[in-house]
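As structure tokens, the structure follows; a few thoughts come after it.
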């Protein structure tokens, strides 16, 4: 097995998860260089003995021994780094989204295509074991023809307002995962989007021009209906559920709990809280997406999640925003 | 306690449930007369020792000792019987719907109002213990402000096509319960309806001009969003769920199972099937609605579910049908 | 179908359940006479239109039109009534136990045997749908060879001390159901009993010479081990569970809850309380045992639960008491 | 924070888990040396960049820079290595058991005591999050006075017969964890042991002189009863449960499932399998025990689980073996 040599850009929350997984869980890889503007992230990289730690992205991207670049920097740098890495002939793993502008995404994908380098986009939720088990039940025919899909995604707490401001909005930042999951689960493409959006959780989010509560009804080419419910805040924890109803059966992925203990007293039975947030809920899926990336690279297989997947989810988000604004169902063909 | 003396019209499935409950479970009532066109229903009444068994509705309605009429005959006779009973000064319990025509319903309600008799409409699901427990959590403040409601209602098997033809359609026949539940749970009125309807289960239903699959997104005056999923067939049994999400908590009513046994083998853990249908799932709620009717009569309290509740649910159904037809959200004010 | 004509002795809690079920749920039966010493029980019988209501048991037992006697009077009258009914040639349904004395039970069974009348003993828990589902999994081979059985039976509240005093003690009064269930589930006979008993709940029970907490380990002829846990008080409700472990699988009957609603808040998820007590938990099993009795009578089939079943459960209870007293495992052969 | 410098002896399954956790999950530690007789284990150590890899235990134990020794070698070397490490003044973490002979254990503990070095014994199950949650409910008073404890521990597959032969037997090898858990949960000491043991799973185990099925009833000084059920094989997976019943409440730790997906078809609802074995079930507890060891070392706190805990669990196992052999309850004071 030839060693895969990687560079990583950005060591915030997600970057650190990927770096730790690469250093401790995935055999046959070496992280040769890491870029982070701040000292804290650099120290993290050093603690894992990354040989070259820098604040300069180009040094990492152009490192002659590096085969692949993992992009975990802030969203507004994704397009630039991906394009540079593509032009340098490197394989790329990039956190979602590629960019908040459809135009920039399309142009970036063109650069990647022209460079003929592999690009994997990080829709990690596809790889959550419970959601993957749902997909497996579809694939093995247990569900029959899918009739509808229901996704609930609620965060435990809204992000800070300054994050909201540069996030692209609820649909682009949060629902984007559910749009991707919808395409993944149905195996089809959206034709129409009807969406409702509200500011019910925190007035500051409304002042920042965003919504914190969303309901989306998607119609797919194959006739499947997908319903998505989103909220920036569920007081009872991180609520992530998926249910698929079909002609032969129904399958649902329920939330896990912090532990399996049950307590009974005079008032009834009591279960533990849901997981706190994505850091604890999606531990396995973060590892799996990095394994899948390395595995595809090593065996020269197509990337399991592509830049086009990212583009298509974004187009749904744009249609959803228009639907809220205009109070009507929007055809996907209306979006440029 | 003065004995309440009743007459019952119609002894099909629901009529028999009510007659049996009246004869065996509710103290202080007497069923003096029963009407059914066929011999089978009449024999059922006789087996419960009903003194007067007849095929003539007027004989029951005008029986001088009877205070209250329970109408369980086919839908197309409801309006006539209710109007006659009202004019005869009797209290009325009527199965839903009052009629398939909005005009006839309005006119019937006017007759009832003019006659100043109490009328209770049979939206029994409000009284299911698990759904009632959901409502209680809202009432006691545990949920905070309601943000959204999600209702799943799937039958185990579609009814015969001849029933479909005279049913008024999926939204009027089946979703009507969910429309009523939405108003009951939110404590508010619908302003807008967006609905999708499909014929995915049985082509014969489509040929009969109806749908068998529906998705409805309701917007309420108080800002709450309600999402309803309906199917005429769930292969895994009678699926009836309700979930309410609010600022302080979330509450859901899950399906019961046939029994509480769990079996574990090499392939995993196995629970029993869901209840077969409404006859086994809603046993308690059928009893409670009759108790509530008798109780309101006896204590001269307002009926807990009124003819107006029936009318309002019907108006939502009409709007839902128009939304499917026109492919757009329909304002409730558009419906006459 | 020939009508089965019954008389009932005793209209306390259980007697009323049986009378109501006979009058409202079981076709083809008629209750011709009822005996109860007090006016309240007699009034109950009259409310169900029982033609002959009396305080004299012999009048019921010797009623010429009556085929079968249902004995629900206090335990100390069971043996007398059963013997009289047997001598009068009536079929008999009797609440457990036949008597608190092994000698009297044996003698009574002899009278029944000599009279060649059918006798069914009321171990209703065998007929609980969830426990019956467990038995079914054993019968259909899903469990393979049984290795062990675990029974938890905890009441929500201890009975009054005056009841305790005449109850025969915890093992004879409460665990007797679990001893019967053990024999039923294992399909085998006990060879050895090791038991521990404590007074941990209420000192008054100890003063009355009884225990309120018991642990029993039974060894069966076929090598199966059964473990029973009993308590007179579980603050969280009526806890009745059964689990069977075998070479091919495991099956457990879990407790039901008051309803299926689940509430989630900051502290976690919350289920409703367990059922209050046997009146609400075993509704179906009471009906089924009466149906089975009538069905066996009508079709001249052997009674599903016999007087010998009652005797064998009692012998286990006697052995358990001796085990607690002597601090050692007791062979069943040691009991006369 | 001063770096803790460790040596590790033995790199089989458990040794590798500890080494990986030390190298990747616990900050402020360095593994300076590793001993394993075979090349495979040595290669594993090298892959984690352990500077000194050897087949000689003394080299590790006497390494001048090493503060603490982690003993994961086969059981028959534990006593020797622990004694050597103690005499070398090192802190010690040792897998259970210290030895199969009570005498050797006592003598080893004396050496440790004389050397005044800290020793932690690896009863990792105490640190499982769900079992720890049970203990927490006891500690915070939610359970009131404990009345009884029920432990189910069933392996998915028996170990190879050659392992069985040198294991010390079911009670010493497997139940030892449950004996420790019993002491941990009740906070008390055993006074009497009644045990039953059978060879029901694999005749080869019987030929090797061992049992594969055990039932144990422990009586504690504080009046609590603990019931343990053990099997070397549960066809449905690794079954590890704990339930505590008390005067104020009941708490149970249920099994987790492989994922949270639920599938419903005509036959009912289906959950996933239980975890495969301790490697997947107790991931977190293995990490926590190493963290706790390092934490106690660093802050000079008493070890959370001691050599005496190991000794006391062993004494219970000896009593259990005698109880099975002699068919009677055995007082703990009977064991030397």
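By letter and in written order, the chains are A, B, C and D; residue numbering begins at 1 in each of them.
Following the convention adopted for this analysis, a contact is a pair of C-beta atoms (placed from the backbone, for glycine too) under 8 Å apart; a residue touches a chain by one contact, two chains touch by 3 or more.
Computed from a predicted structure; not experimentally measured.
*Asks:* Shared touching chains for chain B and chain D?
*Replies:* A, C
*Asks:* Would you mind telling me which chain pair, A-C or A-D, is linked by more contacting C-beta pairs?
*Replies:* Of A-C and A-D, it is A-D that has more C-beta pairs in contact.
*Asks:* Please indicate which chain is farthest from chain B, where distance is taken between mean Cα coordinates of the chains.
*Replies:* Computed centres place D farthest from chain B.
*Asks:* Can you work out the whole-Å distance between the CA centroids of chain A and chain D?
*Replies:* 39
*Asks:* Whole-Å distance, chain A centre to chain B centre, using C-alpha means?
*Replies:* Taking the mean C-alpha position of each chain, the two centres sit 43 Å apart.
*Asks:* Round to the nearest whole Å and give the separation of the Cα centres of chain A and chain C.
*Replies:* Those two chain centres are 58 Å apart.
*Asks:* Can you tell me which residues of chain B touch two or more of the remaining chains?
*Replies:* Within chain B, residues 235-236, 248-250, 258, 264-265, 272 contact more than one other chain.
*Asks:* Where on chain B is chain C touching in the complex?
*Replies:* 20, 23-25, 27, 129-130, 132-134, 137, 142, 248-256, 258-265, 272
*Asks:* So in the complex, the part of chain A that touches chain C is made up of which residues?
*Replies:* Contacts found on chain A: 235-237, 257-258, 264-274.
*Asks:* Using the touch rule from the top, collect the residues of chain C that touch chain D in their complex.
*Replies:* 144-145, 147-148, 150, 154, 194, 196, 198, 200-201, 213, 215, 217, 219, 223, 225, 227, 229, 231, 234-236, 239, 245, 247-250, 327-329
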